[in-house]
Structure formats: structure tokens, C-alpha cells
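First the structure, which I've put down as C-alpha cells, then a few questions once you've had a look.
Just so it is clear, A, B, C and D label the chains in written order, and each chain counts residues from 1 on its own.
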Amino acid sequence: MDTVPLAWFLLLSAVLFGLGVAGFVFRRNIITVFMSIELMLNAVNLSFIAFASRLGQVDGQVFAFFVMVVAAAEAAVGLAIILTVFRNRATLQIDELDSLKN
Amino acid sequence: MNPYLLMVIKAGLVMGALLAALLYLQWVERKVIAHIQLRLGPYRVGPHGLLQPVADTLKLLIKEDLLAPHVNRFLYLLAPFLAVTLALISISVIPFGPQIEVAGVRTWMQLTDLNVGVLFVLAISSLTVYGIVLAGWSSNSKYPLLGGLRSAAQMVGYELPLGMAVAAPLLLAGTLSLREIVLSQQQFYGGIFPGWNIFRLPFPQVISFIIFMIAAFAETNRLPFDLPEAENELVAGFHTEYSSLKFASFFMAEYANMITVCAMATVLFLGGWLPLFPVEYGSSYVPSVALALAGGLLLYHGLPPAFRRDRLSLPAFGAAALALAVVFLIPAVQALLAPLFWSLAKTGLLLFVFIWVRGTLPRLRYDQLMRFTWTFLFPVGVLNLMATGLVVALRA
Amino acid sequence: MTQHLWLIPLFPLAGFLVNGLRGRRASKGFVNAVAIGTVLLSFLWAVKTIWALAPLEGPYVERYFTWIESGALKIGCDLAVDRLSAVMLLVVTGVGLLIHIYAIGYMAHEGGYYRFFAYLNLFMFFMLTLVLAANFLLMFVGWEGVGLCSYLLIGFYFLRQSATNAGNKAFIVNRIGDFGFSLAILLILVKFGSLDFATVFSKIGGLPEEASAGVLTTIALLLLVGATGKSAQIPLYVWLPDAMEGPTPVSALIHAATMVTAGVYMVARSAALYLKAPLALDAVAWIGVLTAFFAATIGLTQFDIKRVFAYSTISQIGYMFLGLGAGAFGAGIFHLWSHAFFKALLFLGAGSVIHAVGQQDLRRMGGLRQHVPVTFATLLCAAVAIAGVPFTSGFFSKDEILLAAHHHAPWMFWLGVLTAGMTAFYVFRAIFLAFFGEYRGAGHPHESPAVMTLPLAALAVLSLAGGYFNVARWLEPLFPSPVVPHDTLLVGVATTAGLAGIALAYVFYVLRPGLADRVAERLGRLYRLVYNQYFVDEVYQALVVQPVVGGSRELLWQGVDVGVIDGAVNGVGARARGIGAVLRRLQSGYIRSYATWVLLGSLAALVAIGVTGGMR
Amino acid sequence: MATAIFLIFAALAVICGLNVVLRRHPIASALWLIGVMVSLAVLYGLLGAHFLAAAQVIVYAGAIMVLFVMVIMLVNAGAEQSSTASRMASFLGLPLLAGLLAVLGYVLWRAAPLAAAAKPKGTARDVGLALFQTYLLPFEITSILVLIAILGAVVLAYREKD
């Protein structure tokens, strides 16, 4: 079985990360923004696992595992916050949630 | 032999058997429930309604394929496809027998063995919820949405106790490969009592088994947990807006899921293809004896049949069963098929339990359902896992 | 075999916890049972321990755990018993037990009943910790703890302004002494690298004489500062007379029998140190004899019965210091032992009188002999003991001290004899004023209940007979005593002084009642000086308190606090507000803008890493 | 073979990722995101990380994304409307993103190639041993974190009964 160069994985990771950043900055729906964050986390995980695989170490995978767990915790709390925000403001438009202004 | 060709042959065999089982499982269910309710069930199409599934399939195929104007088309079409695909995938890692040799080709009675087989099944089963959720969402209508929402909460809620229940026997087996899990249950206590995980010392997994089965009921949306399709509250739940073949897909997915979880339970807890008692005590002859008994029973009822229409079918099936019993006496066939028999018998028994429960238990209320998993089943599963882990660690 | 020394202080602590936490809702019977029971257990365990360890030639140490460990420094939580602490143990638990029992009767009608006993138990815990401690730091814990309990109990009637003031005064004055003590502990730590008694004292023996005399003298003097604070010696004695604001059992237990003698105990404990610092030892003797004399003169003129005894306490502790300073450590502890009995008895008897007539002014008493016969009889026992009437406990211990003083410096002996005469005079003055003549107060005095008189009787027996256990001789293995020839003549002089004092008091206050006032008038200015306690409080107020208060107010508060500190804080606040006004522009409230900022930041970070060569 | 698999699923991941960002409707984004995750799971498997591949599907696709879909359905989110409130994001966003990608690309281009390891680890046993031996404390702390997150989510989402 031939091996895929590490750089390809990293490139894919970078592209996905960039997509996540783009979603974070340009999307207006708060849930989509949140999903963009998950996309970024996934992209980083790919890097971790690719490095771990190429270095023959398991540590990177453990790190990715922790990222997943933290992502799960983050999703639970974040979605609870989104629900509460929606309940109070009846909107998911990120630009309407600007009570910090002034 | 070309491994790809072998793979294709095996896949074809498994798929054919699975699809046939799906067809006839529905017939069996209708029959069993009918008998529980002291009815006859399907009787008109074919002898004892044996051709009913074929008729049903035909009906569903030629029904009008409705596509409501308000649906989200892409997802609406994707959902049943997703449901049935995901339901069928898991069967590929489930072992049905040991390594066998047919015409000089040695192979396992299993499509493929993953070293994370259990996780694979869990992963696939965790995706099945999308079929239902998407169906509910894309239908763009009240009841399906409610059904989809309920289903998502229910399946996420019951996946945890399921995982806990699965983890406990894994601790005893020390592997995630389904094949090795079965092989780890090979010993017999006292030379006679099966060392299946459900009985396996130091800590019998009866509790895990019960938790697994309860969670499996919920995961497959079967009574008493069929809230996503509760017909008296939600019309038909997530598939209210579906008709024709797409509707059939959901049905197929449900039955395929049932078969998968029963096969999983067999592998994890009931020793897979392993016999109930050692070969030295003649366990290889059990299939023959069982078939012979069935054949005898059929002949006994069939020779002067209660209904005239059975005068041919009952004796014919009786004779077939007897013939099969004789076939099972041939050593070569016996070695090949006895494990398969055991594995199918156990799975079939569990499937019968599924149907039996559907025929007996009422449906739970939604809040009871959620409270049950979060406040009872999950804690019990965790405790059971902790106890098992402790015992295993102490013995190590 | 381990003796479980920790149990001795633990019992009262348990009592404190139970009474302190649950006492408010518990019945008086329960509170009594807990308070008395724990002290009784403590007493019994102490007796059992000493019995089991007899004859207790050397110290017996129990090490429990390392309390503080830092580098080479290692301070353990260790308890120890030797003959010295055995004496203290018996005094503290035995007299403490009697006073606890007495307090049941005395406090029967007071508010905060459970609180009182909880404090008493806490005091017992700390006092026993102090006594049993096997190193200076643990001793300091007990030392501070008894100070705390003293403060709490002096201010027990905290609704009375004078009581809280007295409590504050005791606490603050004691802080000065404690400061000295803590400095001494630090010096010991620096000098010896350990605080363990055994280690420190054995190292002292090996030190070169001249090279270390300075440090040792400094340490000893600092310890002496601590001792003068706790034991109410010149110049820090001013808190003790005011401490009489507390309930009488407290005065008896803490401010007569046990806590105030902690300084004596501490100096005796550090005998090895003082023997290497003759200058400090001399200072101890000087302070002791001067305190004894001056306190006695003040005692001559007071009319508050408890104040008379308070000055008497100061004076008697002065005796003990005199004994210590003369090198007769055993004699000092012997006097501590007998003093604990008769002074506790004096206070308890005074309490019984106060209980009977409802106030403390001797001028409003008189003729109580018939009304409170038991109290009178027992008080008389205490009085003869303190006056040094032959064959009472005070006779033996005081003579030991005076003999040692004569050996040390004859003038100290003569001053001591004079003091002994005055002591006899003022004690019997109080007795005669209270119990003879006509009753000058209001109401009908009545005898105290048995729960109060029985401890009085027990203490009376101890006061009379306590001297037959010669503590000084028993302690000889611990202290290298100076060889003091027993001189019958000197003993006779001292005894005669005491008897003369009694006779004089009899003349002044029984035979010719008007004489005392005429003498006081004749002396005029001198009498007023002594009557007002030499105006020491006023002098302290003018010399120490006023400058400190004034300096704090003018310089520290108005100058430093308002000007510098507040100015700096306000300045920081104003500056932050100004910066915030600028930075607020960035706070658009739009999450996406923030996200863009984050993006900008991470890009900048990446570029920075690249530029600085983190990227290869 | 491996290259083919990589190319297929990398392309799939990028397509799905593009759709996550480009689709107007949150539920569509969510579904495409699931696509990304499953593709990545396959790539993890390709890299020998079988356990993480399964965990990726179970945790991300099976749990987290179900939560997302549920919340989207609960609040019945519609397609998002465009708004231009954040001038910062509209003007600076694209150049900055381009800059970030440029820097990342530069890094990749300059990065020294890594020699392939003899045998990649990644079975459940490997990860399990690392988790429960080397990383036991972080693992336990993570479990506490999850517990706190559960409590937090419950407290946040709990509707007080009037």
C-alpha cells in the first residue's frame, strides 16, 4: 500500500481550517458560526492525527481525542446558550445580538 | 481463489439472506402477533399467507409515489435512502460462524472483521438517527417534525446505556473485534455450562444484557418505545408524508436494525455461533433433532389438516423439515452449518422476543421514556460497568 | 509503651467543640457534664500518665507528625512530659477541675452559660498544649491560645464597656510580650536551626561561653519580655488588675493559678538558656523583686477585693521570678505550685463573698463571719498560707525563694521580707474588712451552695498541706540548684515579717478601726500616689498611647493613606477610565468583528513567529 | 490505492466543507458538516487511527451533530438573512483570510518532509494505554470538564416553571 505524503493531509487540514474561519467571519447565523468552529476543530484534529501517524506516536491521537471531548462539552454548553439566547431574543442573527455595544 | 471474487460471493450470500429475512420477518411478526391475539394473521396469499410479503412488496412498488409540494426535496429523498443504507451496513462485520472450508477455500462466515468492529457497529447505529430526523425535518409538516425530534432525543438518550452495556462484556473479552469476542466465550464451566458473556464469571453480564436489550428496543424504535411513530399521537410520526417504496425503505430499515441488534446481542452476550453445550455431549445433533421435531409436528397436524387448504402445504413443509434434519446428519454439512444454525437460532429467539414484547407491552409516555433512560437505565449501566471493571481489575 | 499524651489536651477541645457548637440548645446539665467531664477525664489521664511514667527521671517525648517542613527546618507536632510539665499538668488540670466545678454554682444565674464553659474548655486545651509542647513553636501556639481565651473571658460581659476595654487592654499589652517571644523564637531558629526543646538545650551546652553570650542574652531577654507580658510583671503588668472585669472563676483560673504563671513556666523551661545568660537571669531577679514590692504597696491601699488579690497575684509572681532569677528554678516552681492553690482559693473565696453580698467593695462589707462561715474559714486558710504562717504551703515555698534570694543578693532578700510583711498585711486587711466588724452593705448575705464551697474546702486543704510535697526537691534533677544552706535565722526573720503584718492588720482594722484612715491622711500625697497605682496607666497613656494614636491619625491616615495610597488608587482608576474611553471604540458589539480581530491577531502571531525564526 | 482513497475523501471533505460555508440554511450546513466529519473519519482510518475514526463518527457525527440538528429543529431556524452590521468583517475579513491561507501555505511549502514511520499506531489498545497511563490525569480532568459542561447545559437550558 502506498503512502500519502504528510503534506497533503496538512494541506487539506489548512483548507478546511480556512473554510471554518471563513464561515466564522462571514456567516450570520449563530448556529452556523458555531458549526464553523467545529469545522476548524476537525481540521486541527486531522493535522494532529496525520502527524501522530507519521511520527509513529499515539500522543497526537490522544490530543485529538481530548479535542473531541472538549468539543462535545463545548457543543453542549454552546447549544444551551444558543437556546437561551433564542428564547430571550427570538433571533439567531448574529448581528442582532449586539447588546455589548455602548 | 481471488479474494475479491470471494468477497463478492460472500456479500451476495449475506445480502440475499438478509433481504429474504427482512421480507419474512414481517410475515413472522404479523403471524406471531396474530397468534398472541388469538387470530390467524395473513392466511389468504399462499399457504398460511406465506406469499403475503411478496404481495406487500408488489403493492408498495406499484403504489403512487407521492411527493408533497412543501417538502425539502433533496433531504426528503435522501432520508429513506440513508436509513436503509445505514441499517444494512452493520451486518457486514457480524460473524455468523467459524472458519469453514468449502471446496478447498477457507474462509470465515463473516464478511469482514475489523479490529474495532464493536465501535464500527456503534458508529453506524449512531448515524441511523439521521434517517429519521431528516425524514421528519424535510417533510416540513407538524407530525413528522415532532416524530423526528422525539427520535433524536430518544436515540441519543438510549445510545449511552447501550454503550455502557456493550462496554461491560468487552472488559471480559479484552478485544473490540467481534470475531475474537465470540472466540473468547468458548470455554465451558464444569465442562457443560456455557461460558457465554451473559454467564461469564467473575461477573455475570445478565444486567448488561437486559440493559442492552431495553436500549435496543429504543434504538430500533420498537414498542414499547416507538414514540417517533406513535400512530395515535403523531399519525405515523416521521414517515407520515412517505408512501410507496420510500415508505417501504423505512420499514426495511427498522427490520434490518432489529436483525442487527439481535445479532449483536448474540455475538456479545450469547456466544455467537457457539453451541449451548459441548460437542462431546452431542450438540451437533441438536439441529437435526429440532428439525425432526418440527417436521413431526407439521406432519402430525397436516395429515388430517384442520383446514382443507392446508392439506398439501403442511405435509410438504413437514417432509422438507425432516429431509433437512437428515441433511444435517451428514458430517460435512453438519460441520459447516451447525454453527450457523446456533447463531441463527439465538438471533431468531431474540427477534421473537422483540415481536413478543410488541404484542404484550403498551407504549410508554414520552416523559416516562426520557426519565427512564436518564435516571435509571444509564446510572444502572454505569454502576454495572464499574462493578465489572472492578472485578476484572481485581482478578487481573 | 505510648502514653497518648495527645488525649490530655484533646478532651477539653472536644468539650469546647461540643459546648461551643451544640451548647446553645443544650440544657445546663448537659453543658456541665461536658465541661466538667472533659476536664475530669483530662485530669485523670494526666494522673494516669504521670503514674505510669513515674519516677519520670528524664523527659518523655511523643512525636506525632511533622507540622512544618521547609528545607532543613523541620518542626514537629510533638508533646513531652518531664517533671516540670508534670507539676504544671497537675496544677492546671487539678485546680482547673475544682474551678470548673465552682463555676457551676457561680455562673448558675448568668447569661451565656454554655459560652462561658466552652471558653473555659478552650482555655484548658491551649494551656495544656502550652505545658505539653515539646518545642517553642507549639508552646507559642498554646501561649497565643490562652491569650485569646483570656481576652474572650475578660470580655465575657461584653455588654459592659469596661469589660471589653479591659479585654482589649489585656490583649494589646500581651501583644507586646508576644512580639518579644516570637522574636526570641526566630532568633532561636536562626541560632540553633531547630525549635525542639531537647535539641536547643543540648546544643546550648556545647556552645563556647564568650562567643555566644550576646545572642543568648538577647534571646533570654526577649523571652523575658514575653514572660513579663503573660505573667504581668513590670513593665507590662497593667492589664492584670483590669482583667478582674471577667467572672471570678476566670480570675481564679486564668489570672491567678495558671495562665499568668505561664511566663514562670517558660523561663523555667528555658533554664538552660538563662544559666548561660547571667545578665538576663539577673534581669529576671530584678524584675521579680521590684514587681513583688511595688504590686504589694499598691495592694495595701485598694478597696476592691478582687483588685487587692490581683495586685497580690502580680506580687506573688514577682516572687516566683525572684526565685527563678536567683537561680532557684525549683523554688520558683514550688511557689507556683502553692500559689496556684491559695491564690485560686483567695479568688474563689472572694467570688463567694461577692456572690453573697452582690458587690466587690470592701468598704461595703464587714461582719460576714457569721453569714458565710465556710467561705470565711476557707479564706482564712488561704490567707495564712499566703502570709507564710509556719507549716502552711506558702511558708515552705516562700522561704525557699527568700533563702535563694539571700544567697543571690542580700538586698533582694530584705526587700522580699518587707514584701512578705506587706503581703500578710493586705491580705488580712481584706479579711478583716470583709469578715469582722459591722456589716456595712445592703441586703442579706447568704452562704454559697455546696457546689461552690466544696471546691473551696478542697483548695483549703491543698493550701495548707500542699507544701509538704516539696516540688523544689522533686525538680532537682532538672535544674542544677545553687547550694543554699538552710538558715533558720533567715527563715525566722521572714516568718516574723509575715506574722507582724497580720498583727498590724489586726491592730489597724479590728482593734482601732479609725487608725487606717488617719494614717492615710497623714501620708497624704504618698497615699494618693499609691492608691492611684502610681498613675502608671496615665503615664503609659501619655507616653505611649497618645503618641501612637496621634501619629497614626496625623501622619499615617491623613498623610500616607489619604495622600499616597488613595491618591495612587484613584489615579489608577482615573487613568484606566481614560484609556477605556479610547478602547471602547473597539467594542462594536458585533461578534463577527471580534472574530475578525481574532483572525488578525492569529495572523500577526504567525507572522511574528515566522519573522523571529520559529519557522524553519 | 491509499492515494486514491485520500483523493476521493479529501475532495469530498473539501466539497462538503465548501457547502457548510456556502449554504444559506443551517440544517444544510449541518448535514454537509456531517459529510466532512465522515470523510475525515475515513481519512483517520487511512492514517491507521482506527479508534479515532470510530470515535469521530460516534462522538461528532452521532452525538454533537445530532445535538446541532436537534437545536436547529427546535428553534426552527430558517435560511439566514444577510446583514452588513459589522463593517470590520466585511472589509477586512477576506484579505485577512487570504493572508492566513497564504501564511499556512508558505509554512507547508517550507516544511521539511517527514519520513514515514515504520508502523503507525492507532488501535483502541494503543490509544487506551496512552489515555489510561500517560494521560490519566488529563483524562480524569476532562471527565470532570464534561460533567461540568453537562451541569452547565442543564442549568442554561432549564426553563423555570412559573
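Definition applied: a residue touches a chain if its C-beta (ideal position, glycine included) is under 8 Å from a C-beta of that chain, and two chains touch if they have at least 3 such contacts.
Note that the structure is predicted; figures quoted are calculated from it, not measured.
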item	value
Set of chains adjacent to chain B and to chain D	none
More contacts between chains, C-D or A-D	A-D
Whole-Å gap separating chain A and chain B, where each centre is the average of the chain's CA atoms	37
Distance from chain D to chain A - Cα centre to Cα centre, in angstrom	5
Length of the line joining the C-alpha centres of chain B and chain C, rounded to whole Å	86
CA centroid of chain C to CA centroid of chain D, Å	71
Chain A, residues touching no fewer than two other chains	21, 25-26, 28, 95, 98
Multi-chain contact residues (two or more partners), chain D	51, 55, 63, 67, 74, 85-86, 89, 93, 96-97, 100, 104
Pairs of chains satisfying the touch condition	A-C, A-D, B-D, C-D
Residues on chain C engaged by chain A in the complex (per definition of touch)	587-592, 595-596, 599
Touching residues on chain C, where the partner in the complex is chain D	588, 590-593, 595-597, 599-600, 602-603, 606-607, 610, 615-616
Chain D residues within the chain C interface of the complex	85-89, 92-93, 96-97, 99-100, 103-104, 106-107, 110, 112
List of chain D residues in touch with chain B within their complex	27, 31, 34, 41, 50-51, 53-55, 57-58, 61-63, 66-67, 69-70, 73-74, 123-124
Complex interface listing, chain A residues touching chain D	1-12, 14-23, 25-29, 31-32, 34-36, 38-39, 42, 45-46, 49-59, 61-62, 64-66, 68-77, 79-84, 86-87, 92-93, 95-96, 98
